[in-house]
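Below, subunit A partners subunit B and then partners subunit C, in two separate complexes.
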Partner chain A sequence: MMNLIRILYKKEMLDASRDKRSVMAGLYYAIGAPIVMCLLFTVLLKQLSSPEALEITIENANGAPNLVRYLEGQDISHGESSGVKAITLVISEQYPVHMSEGKSAEVIIIADKSDNKLIKSVRRLEAALARYNSEVAGLRLISRGIDPSIMRAVSVQTQDQATPDSKGGMFLGIATLSIIIALFYSAMNLAIDTSAGERERNSLALLLSHPLSSTQIVLAKVAAIASYSMIGLVLVLVVSKFAYGMVPWEQLGFSINIDIMFILFCTLIGLPIALMSASLLVFVSFMAKSFKEAQSYVAFVLFVPIGLSMMTTYDIGTDYVQWIPIAAQQYAMIEVIKGNELPLLQVLLSSFSTLGLFAIFAALSSRMLKSEKVVFGL
Partner chain B sequence: MNKYGNPLFKLIRFGLIPLAIACSGLSNAKQNNNLLTPCYVDGLEDRLMCGSIEQPLSKKENNESIEIHFAVIPAIKETKPTEAVLAFAGGPGQSAIEVAAIFARNLRYARENRDIILVDQRGTGKSQLLQCDADSLEEQFAFNDQAVSLFKLAEEETEACKRKLKIDLSHFTTVAAASDFEAVRIALGYETLHLYGASYGTRIAQEYMRQYPNSVATAVLDGVVPMQQSLVAIGEAIDDSLDALFQRCAEDTTCKLQYPSLSSDYHELINKLQESPVKVSVRHPRTFEAIDLTLTESKLRGVIRMALYGHTSRALVPLVIDSAYKGNYIPLVGLLGNENTFGAIAMGMHSAITCGEDWPNLSKENRQEFSQSYFGRLMIESLDASCPLWQVKPVDPAFYQPLKTDTPVLLLSGGLDPATPPSWAELAMVAMGNAKHLVAPTATHGVASQTCANKIIGQFIDSASVEELNAECLNKDNTKQYFMNINGPVVSQSSSEEL
Partner chain C sequence: MIEVTELRKTIANVQALNGLSFKAENGKITGLLGPNGAGKTTCLRTVFGLLQADSGEAKIDDVNVAVDPMSAKQQLGLFPDPCGLYERLTPREYVQFFAQLSGMSVQDAKSATQNVLNKLQMNDIADRKCQGFSQGQRMKTALAQAIVHKPTNIILDEPTRGLDVMSTRILRDLLLMLKEQGHCVLFSSHVMQEVAALCDHVVVMVKGKVVAEGSPQELCDKTQKDSLEEAFITLIGSDEGLAA
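Up next is the complex of A and B:
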């Protein structure tokens, strides 16, 4: 029995590899997605981070030369070039008088805080002004004979448990999402071709006329499709490793580091998903009456795993989402890349239920192959 | 068989070759991670990794050991796992781990790709701290140091500290400490280090380079102490830095108007205090209780000296001097009571360094030269009193040779530095084959924390070359305007009263 499956598997692999163009087309996702993603990330990071030399508009700079020089020391200066940000700092007319009398001297920040491209720069300006504020206030206290440290009634020390690897947040989610999707996309056209396509070429009936059980046929097909999924997975991981290494994450104070342990881990937990995805694709393709119909169904059905993965990516699911197949594996991937402890129970349980789904879809497919309606697409 | 296998084999090979490349790049496993546990320091949110190793106290007698503590600030994106930046603290006597927040800022750009290692030098911080007891603020305020001889005072303090520490300070010199840093490097598994030393830290950095030249890829010396130079020579730099402050005020129209005779007021005030200290009742800077202040020459000079280290405190100096001259000592009290921002100095370790390295080679000419400044005289006298009691073994004279090296070295100096003036860096680099000296004209002590030098340091470490460093930004004026009254750097505007 195993021998027959093996021979059939070889036939499927040979069949698939003959059409090199369509195989490569499937794998293009694995190569292209991380690269496109990284280009997008690089552009996005540039927008999110504040430029090193921040240029804003300062009005009435002569009213507060000391403040303006302080800001220049923080690389925030008045500029008139094209790179100037839409932030205006207005120093009030009364600033010098109020400063010398010990009243609060007013400065106004004018900016649109809903603009994501500005928000980092606005916060940076606010932080710099707050530091200047406490510096001058501290000196005012010293000149009154008081230690400024009394202003710190409570000394707040934050101990951030995050590491540079775990601060990636949403970026980590999107990166792992693109890896999981590779499992589904790399072998999608192969799955349709080997089931709906085989039927359309009338070779499915021929195959069934051999002394093989329909289960054997389904298992061999699923194994071949899963093999291509795994090749896609390994490719996407390797390309990601190099592509993500190029993104200047450090500008935002974190990094996404895909190391060899992570690649091995993903390959391991990817195997059940590849089998499940293959059996799902075969099942859906057989359900359809024609090749074209199968394409539409498959595209539609793939929304389910992608949706599950999205829930983890955007962290919208409640705790129990972390136990659902695919969402759970992605959650585990994120934890591993962050360097946190592996949620072993979740991984094992979701992997078993993924294998369970594989068994169900495989069984359903093999049952369908017993029906003439399905075999001949009636 | 082959007929079937081939296309598949090709596909797999296609996937496996990059994988193999990925493996080879990462297989150089580093770092002995069981040494390290997560830890935090004040002023820094980031999680550091701390650890310690055991080191023999003395290389000759093997019976006692000392625990050397260290912390690693992890790189943001570790693209250079075999390299790290080793930062040396100043003082001598400062704990590198305690000032981790300052190092993290100074080495911000270098940290993007490399870990930063901070080691508490033996005798400081957590590595067998050698600290003497200090008087409380009330005692310091009330004490009349002019009523007793400085020599006798230093002797008494030394005896008390010696009784407390009960240890031979000869084990705590720069030469002895260098091997601890190397042991930490080996324990953590780094192949090469980029050194960053500030102030006294530049001396231990140079000694480390001398003893372990192969461990060092580059070195940044910020506020340079040349091997040939005694720390006692500091007095002249203090005077120059204060003179520069007086001059800047005299050249500024508003400051000149507000404080027309600042320099002469200061010297007149000192003459007055030399004759007789001023006794006043003041408010404690924190508790606000009435306490006694005996203002002496050394207290006035000492507090002004410490204020010269940073531009924020420099901004107050004219106001403090002017008020004190006019009999209002409150701003001075504020400056005296301002908590030391430099981190506590371990005085025992400080004495080990100064008595072992800065005192033994004081020649007659040196003494004469350094005695021209007040602080030179002060240091010579207190070292003459304490060092014979500490009995630290004098360092080998070869120690005073300038460091000879072809490793890329970047030297940084501040033009207004009241401790290590630019001329010291020139002296340090006489035997360096691949060194560059950059001066930030308006910076004080520690250029990296005040200017864009942190960027230049990042560039230098990345390129490991002193060529093509863009040092233009160091010329930016980073001084602050002096306070014109107790509210700020703006002159009181009489016009406001019209409103």
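Up next is the complex of A and C:
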């Protein structure tokens, strides 16, 4: 039994290694994804973190020297350089008069609030103006003998509990998503070729007319596909290690650091997923009647793991989703990267259910190979 | 020995086999002759267990294929139509792979592969990938695969298609040698010359049924024709004869 599986497995691996182009096409994902992610993160980080000094256009600055000085203290100043933001602060003509008379002095912010890149800077300017407003108002109250705290019915204090690593939640989600997806994508071509392709080339019937069981054939194919999935996984982890090392994480104060322990951990929890994904791909490919049909079905089916992974990434129903295969493993990867305790129970349970799915898909595929309709694509 | 009794099989509303019975003895070459669509391939596929008959049974060396497929297939070599080559493997790898699947050890499979490659004069293409092979080269590779493990029973589905004269001669000699060694050879064909030259026993089938059997000479005598071709056309009725 095992001997035949070994012979079949060796042949599948040899056959696949000869089909360099389609195998490489699968592995390009593993090499490309981390590099694309690295570029994406770099751009995202730049957009999220506005630089410390904010340069805007201030019109009629002479009308409000105190306000301008206050804003400069908050690193907001009038600028003419290329880095100046499209925000204009107009100080009205009557500002000095109204200010000295104790009336409301008008300032106008002109900016496009639909521009996402600008919104953070506009909020910052608004907040600075609001603080200046309450400061001046406080002084006026004091000069009239009134405690300025009367104006503060509620004193809001926010304590930011975000640790640097937890701030990167979404980045972590996307990074781990791209790692898990590699397991599914790297061997997709091979899976279709070795099942639907084998049938189309008429070698499946020949194989089945030899003294071996359909279970042996399916297990050998799944093992070969899973091997390529694992190659994809290790590749994506190694490339990620270097790619994420080049992202300027310090701008947000956290980092995704992929060390050798994490790579080993991922390889370990990736193995059941690889087996499950391989058996799923084989099952779907045999269900289709032709190579092209199989390609379409496989593309559909891959939405399921991506969906599960997305739910973890965007923290949707995490309490339940973290127990489901794939999502659970990704959740565990995120926890390990964050340096939190490993959710051992989830990892074990989901790994077992992943292996259970592998057994189910393998059994279904092997049963399908006993059907003449499937073997001859009738 | 291959024996089928009362095989019936319907595929998609077509009665492909309709009570087919015949026997292929050891040490004899049995030809399955019939026009296109007579059910030859369906019959052979049923014999090696890829199709399940609706009723009736197929036995290889007295083992019912449907009951114990593993031991039935153990003594079977198959030359299928189409060939089912692995394009990215070389004939040597291909033949050795199937030899091992039939239960040979690595060493035995290696030497058996070399033997059969010599026998079929394939050494010049033995280590080239099958991709781009001519029809004849493909047929030879498939043939090598069928006989590498020296099975008692060898089934060939249209083995002469696409072979050049030299290869046809090699195939003919090979089949005669297998017969000499006491193997049971069953092949389907619609090439009369081949069947006439090789077969000890001819089974003529039409629409899933045996219409006549016997040696080529017996068939000629029975129909009072000079050639097997004429006899064949008389046996199957002229309409199907044209289709062949």
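Simple rule for what comes next: the second predicted complex is superposed on the first by the 281 of 378 C-alpha atoms of A that agree within 3 Å, B and C clash if a C-alpha of one lies under 4 Å from a C-alpha of the other, contacts with A are read in each partner's own complex, and residues count from 1 in each chain.
Methods note: a residue touches a chain if its C-beta (ideal position, glycine included) is under 8 Å from a C-beta of that chain, and two chains touch if they have at least 3 such contacts.
The structure displayed is predicted, hence computed values, not measured ones.
*Asks:* State whether A:L4 touches subunit B only (first), subunit C only (second), both chains, or neither.
*Replies:* second
*Asks:* With both complexes superposed on chain A, which partner does A:V136 reach: first (subunit B), second (subunit C), both or neither?
*Replies:* A:V136: touches subunit B, not subunit C.
*Asks:* So in the superposed three-chain picture, is A:A205 touching just subunit B, just subunit C, both, or none of them (first/second/both/neither)?
*Replies:* It touches subunit C, and subunit B stays clear.
*Asks:* Of the two partner chains, subunit B (first) and subunit C (second), which one does A:E372 touch, if any: first, second, both, or neither?
*Replies:* A:E372 sits against subunit C, while subunit B stays out of touch.
*Asks:* Kindly classify A:I109 by the partners it touches after superposition: subunit B alone (first), subunit C alone (second), both, or neither?
*Replies:* After superposition on chain A, A:I109 lies in contact with neither partner.
*Asks:* Of subunit B and subunit C, which one touches more residues of subunit A?
*Replies:* B
*Asks:* Considering only the touch criterion stated at the top, classify A:L14 as touching first (subunit B), second (subunit C), both, or neither.
*Replies:* Touch partners of A:L14: subunit B and subunit C.
*Asks:* For A:E101 in the superposed arrangement: first (subunit B), second (subunit C), both or neither?
*Replies:* first
*Asks:* Would you please give the residues of subunit A that touch subunit B in one complex and also touch subunit C in the other complex?
*Replies:* 11, 14, 18
*Asks:* Of all residues in subunit A, which touch subunit B in the complex?
*Replies:* Touching subunit B: residues 10-11, 13-14, 17-18, 20, 23, 65-66, 69-70, 72-73, 75, 96-97, 99-102, 135-136, 138-150, 155, 157-164, 227, 231, 234-235, 238-239, 241-242, 245, 249-250, 253-255, 257, 259-260, 263 of subunit A.
*Asks:* Quick one: which bits of subunit A touch subunit C in the complex? Just the residue numbers, please.
*Replies:* 4, 7-8, 11, 14-15, 18-19, 201-213, 372, 375-376, 378
*Asks:* Mind pulling up the subunit B residues that touch subunit A in the complex?
*Replies:* That would be residues 3-5, 7-8, 10-12, 14-16, 18-19, 22-23, 26-27, 38, 40, 42-43, 45-47, 74-79, 112-113, 282-283, 285-286, 288, 312, 315-316, 319-320, 330-331, 333-335, 337-339, 450, 452, 476-481, 483-493, 495-496 of subunit B.
*Asks:* Residue numbers of subunit C touching subunit A in their complex, please.
*Replies:* Touching subunit A from subunit C are residues 11-12, 45, 48-52, 69-71, 73-74, 76, 78, 80, 82-89, 93, 97-98, 100-103, 129, 145.
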